[in-house]
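Going by the order they are written in, the chains are A, B and C; count residues from 1 in each one.
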Amino acid sequence: MISQEDVQYVASLSRIHLKKDEVECLSKDLEKIVDYIKKLESLETANIQPTSHVLPIQNVFREDIIKPSLSQKEALHFSIEQHQGCFKVPKIIE
Amino acid sequence: METTQQFETVIGLEVHLQLKTKTKIFCSCANDFGGEPNTRTCPVCLGLPGTLPVFNKQVLDYGIKIGLALNCAINNVIKFDRKNYYYPDLPKAYQISQFDLPIAKDGFLLVPSLNNELKKIRIHRAHLEEDAGKLMHDAVHPYSLVDYNRTGTPLMEIVSSPDMHSPQDAYDYLQTLKLTLQYLDVSDCDMEKGSLRCDANVSIRPKGETKLGTKTELKNMNSFKAVKAALEYEIARQTSVMLSGDKIIQETRLWDENKQMTFSMRSKEEAHDYRYFPEPDLVPFTISDEKIQSIKKMIPELPIDKYHRFIEHYHLSDYDARLLIQDAPLADFFEICAKNFHDTKKICNWLNTQVLQELNERKAPISKTLLTPDNLIMLIQKTDAGIISNLAAKDVLKIIFETGKQTEQIIEEQGLAQISDDVTLEKIADDLIRENQKVIEQIKNGEQKALGFLIGQAMKKMNGKANPKKIGDILQRRIFHG
Amino acid sequence: MTLQTLTAHELLNLIKQKKTSAQEIYRSISSQIEKTEKDVHAYAHIFQNPKIEESRECPIPVAIKDNICITDKLTTCSSKILSGFRPPYNATVIEKLKNSGAVFIGHTNMDEFAFGSSTETSYYGPTHNPHKLECVPGGSSGGSAAAVAANEAIWALGSDTGGSIRQPAAFCGVVGLKPTYGRVSRYGLIAFASSLDQIGPITKDVRDAALLMNIIAGYDEKDSTSANIPIPDYTQALIDNVKGLKIGIPKEYFIEGLSEEVKRAVFNAIDLLKKQGAIFKEISLPHTAYAVATYYIVATAEASSNLARFDGVQYGLRIQPQKTRKNPIVDLYEETRDAGFGLEAKRRIMLGTYSLSSGYYDAYYLKGLKVRTLIKQDFEKAFETLDAIITPTTPTTAFKIGEKANDPLSMYLSDIYTISANLSGIPAISIPCATGKDNLPIGLQIMAKPFDEEMLFRISYTFEKNKNH
């Protein structure tokens, strides 16, 4: 059972401010989908290794050699807001 | 203090260490400090969509080296995980870190404490991760600025077990840890520059209680002294909360260096739910036993071992040994001197006082100065033989640091050699005895101070070049034996 | 001359014979776009004055899915949240195409962040199936498949996380290949689910797919998950001969929900290949029924993390909050992400976040990874004795726009045949095998062992060569 509180919690973890109708609609959808996903419970997997990579690739390294960085202008080229060579954001309150 | 009477303190430390590789952990941008903002970034460390991390080989080697030096078990298979959270200094909104397969675990550090005992502080785990960028804001402007130069700097997070029981314990642990890491030459270990950062977890519990109390996490300390002060403040605060019957709240608190207080960090109050999962963009890494062995061979003698050897082999005092090992190049210098000169105590006296002072002033390791072991030994020998005074010797040392000239040459050029020939000194003694009859009476009455006065007068007459021991001897002989 | 209707290999021959030029080919594509784009809406962004160089190896007009980065070109994943984003770098596949002289036509429309099977969730509105405009082109690479089918591009690149190349290829009657995971660099592909995503070709015929693979495949040191295995010349695999090849027909793929016409078309294709000497046998892939559930756990978990960076701090959309609710930066995140993501993106981000969140990880995400192992093992076992597996690409032909838009689960279930190849990393191709009612194309899916794309080309080529005889 996915309550609207669960949805609100997950929305806040996801940093999405849902409108009220979205909360209702998404809790119904998620409920349905999670219900469907529950079919996995019937499978016995205690001794099964999880697969996070399908290929058995290991040990991919990079040598510790410097390559040119972007210039400050290039780095900030796509920025929404910039100031004094930095990305500008609302004040962070600690 | 109430704390020590009713409560026991439990402290665990998390140290973040920037590794001094040439490039960042997952991209080829230079890994440097300072510079204009956003000049050491690329699409990868800016976290632009579509970019992928590739692991820097050197970071793994440094990680293994640190793990081994901290007596840890090195995991044969490691992987990276994503730690998900939002903060403007974290461009991907996740940090690539290590969750369940860290590079190193279950180690310990032997920490010499004030009363000469060795405390064993366990290392719970040490893992590799990427650093975040830098946020800048002031009280005036209604915005913050983000510089991503630091983003992707390789970090090793070293997590101790909660094995420390006082702010002093924490301070000693940090000193020893820093020294050990400096010996490994893997980091600048400079707290001011942020290449070594420390967070502290602290809780108190009634004495005899075995369950841990509710902890607070202290951040924002920028020196070891600040760590100690923050812990002292926090222990006092927790104690008064407990005594007033309230409950400690588990929270993150920031140390305010100006106010010398900790403050609750409200913005991070939300429950931490980092949703760790294996980083799909990086493959696992295997670390062979051969690799571990080959890195083990590259680890130099560590400070604790050097300390014991110096005491055993050179018969140094605890004080001298402890001071010497603080500076690995100085300790090496000592050993070269000790090969050619038997009086290790004398070498220490020089190294741990005047030489150290010169090094501090110059902010340079001894290997980067003009002082050589041979020259120092010569200086000690000349002083021992009374050829120059202790005072003059200090001047000679200064000149050596400045010019690199040989001790003998400096003594000659500066005319620092003491006058020791009997004829001259006896004439002076006679003059003095004649001119200071009153003082002679005092000496005869056993006033040693008065003899000192006469020696001083002699030095004055000879522009400081008289051999004070010798003139003293002559004066005594003349006064008492005529 | 109707150059735009030809394949790349035909055009390259004409160029060689000096019967046409790169300029002329591009113009024919341009005028086709002028004619049909208003109906089809294959593109999200059309590039002005692309660089065209005669005398290059391969000056073929190519359409790129809107999630593959091109320097200074709008690359938006057809999402509002990436409004105005022009990356300062090229994806590795773009570098490779550029080096071969390909001409970039535009970024094609897609389901927002590749979340969908119909290209209806694009911020720019839906793409229409060129074969029947009121139908979807499939998705999420619907724009790429529609562009090729409508002759608005000779080649296209798509990306496939759970069928996003093959399903639209099937719906639009073109060839679509999802290569083995690790065969084509993902560098510069804006990630949906990193452990499942692959870039692949969408073309008019099998030879073109092989040609395009020759250009884009290969190890990339910028992608730690790319396989350091030499790339063959795929055109050498275009052999009209399947004699003795052992091909499996998994019984779990021929179940309720599979339309009669698709089933008939697939069995006709099987008969044709049988006549050419292939040996078929019925097999079982027992965990097939769990693939969709597994996929939606793994893919959404990775997506929730991959899409976290779209937060209004650096680039793209930023909503400046009008009043303070929590604190200024959190408000900025939450309102930007609320306004920037469509409903399906939110649904998937939420589902992924939920399955990774504390207390649910073991029950959902970890469980999903374990079942993924079982699904992968099904294929490993099957390929011990088989050269390939043949199935339908989709249970039905293209559905109507709007038909499934309000039923996410039924939309998810339409990926049922394509998802397993992503979960197990194997290569899979969809080729047109018949035309169903309403003139809608039907796709045939062939799957092979990891890194055996050559087998897919061989069987596809044989089918293509012989189907009209």
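The criterion applied here is as follows: a residue touches a chain if its C-beta (ideal position, glycine included) is under 8 Å from a C-beta of that chain, and two chains touch if they have at least 3 such contacts.
Remember, it's a predicted structure, so these values are computed and weren't measured experimentally.
Novice: Taking the mean of all protein CA atoms as the centre, name the chain whose own CA mean is closest to it.
Specialist: Given all protein C-alpha atoms shown, the central chain works out to be A.
Novice: Which chain's centre, taken as the mean of its Cα atoms, is farthest from the centre of chain C?
Specialist: B
Novice: Busiest chain-chain interface by contact pairs, anyone?
Specialist: A-C
Novice: Mind checking the centre-to-centre distance between chain A and chain B? Centres are C-alpha means, answer in whole Å.
Specialist: Using C-alpha averages as centres, the distance is 40 Å.
Novice: So how far apart, in whole Å, are chain A and chain C when each is placed at the average of its C-alpha atoms?
Specialist: Going by mean C-alpha positions, chain A sits 22 Å from chain C.
Novice: Which whole number of Å gives the spacing of the CA centres of chain B and chain C?
Specialist: Taking the average C-alpha coordinate of chain B and of chain C, the gap between them is 57 Å.
Novice: Counting only residues that touch at least 2 other chains, which ones in chain B make the list?
Specialist: 43, 46, 54-55, 86, 88, 144, 146, 267, 273, 275, 277, 280, 282-283
Novice: Which residues of chain C are in contact with two or more other chains?
Specialist: Residues 85, 87-88, 195, 221, 224-225, 304, 308, 311, 313-315, 327, 329-330, 333, 353, 357 of chain C each touch two or more of the other chains.
Novice: Among the residues of chain A, which ones contact at least 2 other chains?
Specialist: Expected reply: 12-13, 15, 52-53, 57, 60, 62, 70, 87, 89-93.
Novice: Which of the residues in chain C come into contact with chain B in the complex?
Specialist: Within the complex, chain C contacts chain B at residues 67-69, 75, 77, 82, 85, 87-89, 91, 186-191, 193-195, 221-225, 301-302, 304-305, 308-311, 313-315, 327, 329-330, 333, 353, 356-358, 361, 365.
Novice: Would you tell me which residues of chain B are touching chain A in their complex?
Specialist: Touching chain A from chain B are residues 21-23, 28-30, 36-43, 46, 54-60, 86, 88, 135-137, 141-148, 254, 265-267, 270, 273, 275, 277-278, 280, 282-286.
Novice: Across the complex, what residues on chain C touch chain A?
Specialist: Against chain A, the touching part of chain C is residues 84-88, 181-182, 195, 221, 224-225, 227, 287, 289-290, 292-294, 296-297, 304, 308, 311-316, 318, 325, 327-335, 337-338, 341, 343, 346-347, 349-351, 353-355, 357, 363-364, 366-374, 376, 408-409, 412, 423-425, 450.
Novice: Would you tell me which residues of chain A are touching chain C in their complex?
Specialist: Chain A reaches chain C through residues 2, 6-7, 9-19, 22, 25-26, 29-30, 32-34, 36-37, 39-41, 43, 45, 48-55, 57, 60, 62, 70, 74, 77-81, 87, 89-93.
Novice: Per the contact definition, I'd like the list of chain B residues that touch chain C in the complex.
Specialist: The contact residues of chain B facing chain C are 43, 46-55, 82, 84, 86, 88, 91-94, 144, 146, 267, 273, 275-277, 280-283.
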